[in-house]
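Both complexes shown next keep subunit A, but they swap its partner, so subunit B is in the first and subunit C is in the second.
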Partner chain A sequence: MNNNLFGYEQDQGPKITQLTELNKDSSILNSFNDKNNVNNQSGTLDLESIKNNVDNGTKLSVNAAKKNYEEGHDVSMSAYLFVLLEFIKTIVSDIDNTNHSKILGDIGHDVGIRIYELVNFKLLNPKKSMSTKSALIEKMDNYKYIDNLSHGSTLNISQVPSSEEIYSYISTTTVELEESGVIKNLKHLSFITLLQFIQDTIWKYMFGKKADDIQKINEDDSSYAIIDNDPLIASLVLPAKVNEFICGIIKGVVESANYKCESVNTQILEDKTYNNKSAYIIKLQK
Partner chain B sequence: MSSNISSEKTNESSTVSQVDPDYQKEIFLKQLGEHVYQQNMKKINAEFFNVTYGSFVRTLIDFYDSDADKCNEKLKAMGESIGSRLIDDFYSKVTNQIPRCSNLKDLGNTIAYVGFKMYINTVPRVIFDETNRTIKFRFESNANIFNKFVELPDDIKEKKLYYSNIVSGIIKAALAGIALNCDVEFISDTLLDDQYTDIQISNVTRIKDEVPMGQ
Partner chain C sequence: MSIPLYFAILHNKTDSALYETFLASKDSLSAEDIPLKDLYPFIANSAIDVIDNIQQANQTNLPYNKTHLHQKVQDLVEANMNSKVEPNKTSFFVENILVKDGSNKSLVQKVTNTHNNPQNINSLPEGSLFLGTIDEYDGYLVSSYVTYNNTKFMVISDKNHVMNYLQLQKFFLNVHDLYLKHLMNPFTSAKGDMPIKSLLFDAKIKVFGDLYLLS
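Moving on, here comes the complex of A and B:
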């Protein structure tokens, strides 16, 4: 078994993918402008019908996604626990690697990234308000329909909006977002607001309740702890293993919010009333 | 007296309930599933469930070097070990309210309206084929809760990985828990660009109680 099998490596950090610059690639532009190319000749392809099809398809899928988002499903917890226990069992029994906690952490990291993105998306798109489009935004939307490939024309660079227009477009949209109070939720300027965000919003999103406490451990602002008296999914199934999975989730959230996280550890605290009172300790890089 | 009462009863039933008794049973099962899900089950966010399942399946695919057949088998085996425990959980939560299944159609309706509703909170359409004696559970395009947010890469699509194959294993082992032998398969999946997601149950036979040899 290779070490590189699981897409994310805790030691190396996330992989970086590099964007290719299409516009500067001369061969692509040449193939676009070549009139002898079969794909560029008018009449060989019914481009308009294809375009209509694609447009309808995207509209349908967008509507379906919207419907899905508005419904807000829930499932039973026993189904979740069955699946979680079974997967943990197969990982521990099938993969002959002594470092199972790292694998569980990596899986949790994947979950954490996606959950951070999802929650932020939901904060950005509240269900009620649909902001009205200004004239400038409509103009920007129309740019992508202007390049008329069906008449065999070349890709016209002058149709691309100028930098001033782009700047004004960006500035107007951000103003609208600020009015709806979204910008505040997106940026976590200090680590404590991010901790509160995890304790409040993300735990409520995942488990339907808040985490009970946040604590600062060192005085040099490097390590913090989130404390949960009765962790929902760890209360029934293998508390130590599931806590490692939750640690991975927290690490994913912290890293996708642009904080450098050294490690997240877990510990089960002794308590008279709660059996599984557990602390998730986050260590930041200095 | 007794004969009078019985005759009255039959008269009432013939006049009032001209509705198909099968249809009545279906409605009762639907209400039962809804009731049990609302009253007896703890709940958790579906998207969280979905994301967790997805990242575990991705790990599994990586572990088997994107060999779809092995992944399908493994998912089914995991489903079987879930199902053998799930059937106990099912009966402990439904208690005594559930009616007995007298034929195949009842079996399909019970699994769809109570079983699927209780655990993943979606109800598939049940298609019963009398000539081949098969039951199909059909999920419309986006109804299958496992498939939300998911897109399969092309090479795995060609090898036919059934992403939510764990469900077929669960159904098979759960039915084995109540002494029914059967084959459960995925026929189509919306993730493989089919129109619906279909799960088929076929060859249902009863396991007979046999005395062990030598007694």
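Moving on, here comes the complex of A and C:
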């Protein structure tokens, strides 16, 4: 019985195939060099070119991932959900007899405060794109941004760059104003515009799509609802718990915009087409 | 010999100072010799009321009734400005911001129609983050900027310092960017009012001050 049927010796299991070992295996070389083989498109096996190809491929993908990371593009959803699920698991299993939704909400609250500041700023002040990185900028990137709150002032002074370095660095990376000099950064003056901002921009930043609807619940302008037909992260793990986390984010945004928010609740609505249609109900203090 | 500028970042809820520093050029006085050195934090704190009022004015139209501004109106009245002062429009309005002329102490000079006057306040849109010069204390001008979550940045400059408002906006915008980087650090608390002690933050603020305010 020839072992070529499965491509490996069945008694020993599959081989560890490394590119350098391909040279030694005459059968593989033969099959690659066989011009009648349909799968063999390049004609001849050139190990050097294959190796270069693989190396360049990994380099490209690593560079692309690095670029994505630096420019702040998308986050891997599975990694994100894994962390979130671990959060929820720890809170639910380790802490007894407490209000789980409040703890989850507090985590979301911190996210909300930061996201409101960040999204607003990023939206209006795009940075100059740095296509070519000079040696100086790379050097500056290596300095770590350290907070030495817990250890007093044990930070080594030599870690901080000299003022000449910072000077030339800052002049290449500062945020530029428009010629007119009028600041175009504005606060949200009414609650409705803030609500639209959450529904549109913040939802897009977090989940890649807009929320589907905003509704006014009371006539006295005290409670509103944001409705999402198919919430991205809540549709995959524990919808009720994740919705509480999202409620915390909304509360953080509303409070950091200086509106007095009494509570944000969530509710999963019944719907024929969508399983996890969720409403986030914002209650304002009168 | 010029007097260094005072710069402070104030927390949005508790109003405690997250960061404060003196922005000094080479020929300016050292920090110990500044006459109002101990008063600066109080001047900054009193200006918080003005900031709150400016931001609420669009919604509520409450008349302004803070005591320190009443005192200021009285001072203005004493300086023979009766006809021009409206009590409800206190010192943060352009017409009421005064600078004492250094050469003639008896004269209270009105700042209008010059390139560097605080006229930008009038042309600022509603809800603007940059608030221009909002208050005045004995010739010291308080200029301010608020971030989206209401953290306040303040610069207190003395009467001899020529303020360029375009440069000031650039300074605040870049500090905002820097503050954002501090805020996004997962090891800082978003809600708490722990002071910023990072040396790099400190160094960068001083460079921004050199670059935009002192040159």
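As a convention for this text, the second predicted complex is superposed on the first by the 155 of 286 C-alpha atoms of A that agree within 3 Å, B and C clash if a C-alpha of one lies under 4 Å from a C-alpha of the other, contacts with A are read in each partner's own complex, and residues count from 1 in each chain.
Keep this in mind: a residue touches a chain if its C-beta (ideal position, glycine included) is under 8 Å from a C-beta of that chain, and two chains touch if they have at least 3 such contacts.
This structure is a prediction, so every number in the text was calculated from the model and none was measured.
In the superposed model, A:207 lies in contact with subunit B only, and not with subunit C.
In the superposition on chain A, A:237 contacts neither subunit B nor subunit C. Within the superposed three-chain model, A:75 lies in touch with subunit B and out of touch with subunit C [touch as defined at top]. Of the two partner chains placed by superposition, only subunit C is touched by A:256; subunit B is not. In the superposed model, A:91 lies in contact with subunit B only, and not with subunit C. In the superposition on chain A, A:118 makes contact with both subunit B and subunit C.
Contacts of A:110 after superposition: both subunit B and subunit C are touched. In the superposition on chain A, A:279 contacts neither subunit B nor subunit C.
On subunit A, the surface touched by subunit B in one complex and the surface touched by subunit C in the other have residues 110, 114, 118 in common. Of all residues in subunit A, only 1, 5-7, 64, 67-68, 73-80, 82-84, 86-87, 89-91, 94-95, 103, 106-107, 110-111, 114-115, 118, 205-208, 232-233 touch subunit B in the complex they form. If you check the complex, the residues on subunit C that touch subunit A are 12, 55, 58-59, 123-130, 146-150, 165-166, 169-170, 173-174, 176-177, 180-185, 187-191, 194, 196-201, 203-204, 206-208, 210-211. Contact residues of subunit B toward subunit A in the complex are 37, 41-49, 51-53, 55-56, 58-60, 62-63, 74, 78, 81-82, 85-86, 89, 118-122, 141-142, 145, 148-149, 166.
Of all residues in subunit A, those touching subunit C in their complex are 109-110, 113-114, 116-118, 120-121, 125, 143, 145-149, 153, 155, 157, 159-161, 163, 166-167, 170-171, 174-177, 181-183, 185-189, 252, 256-258.
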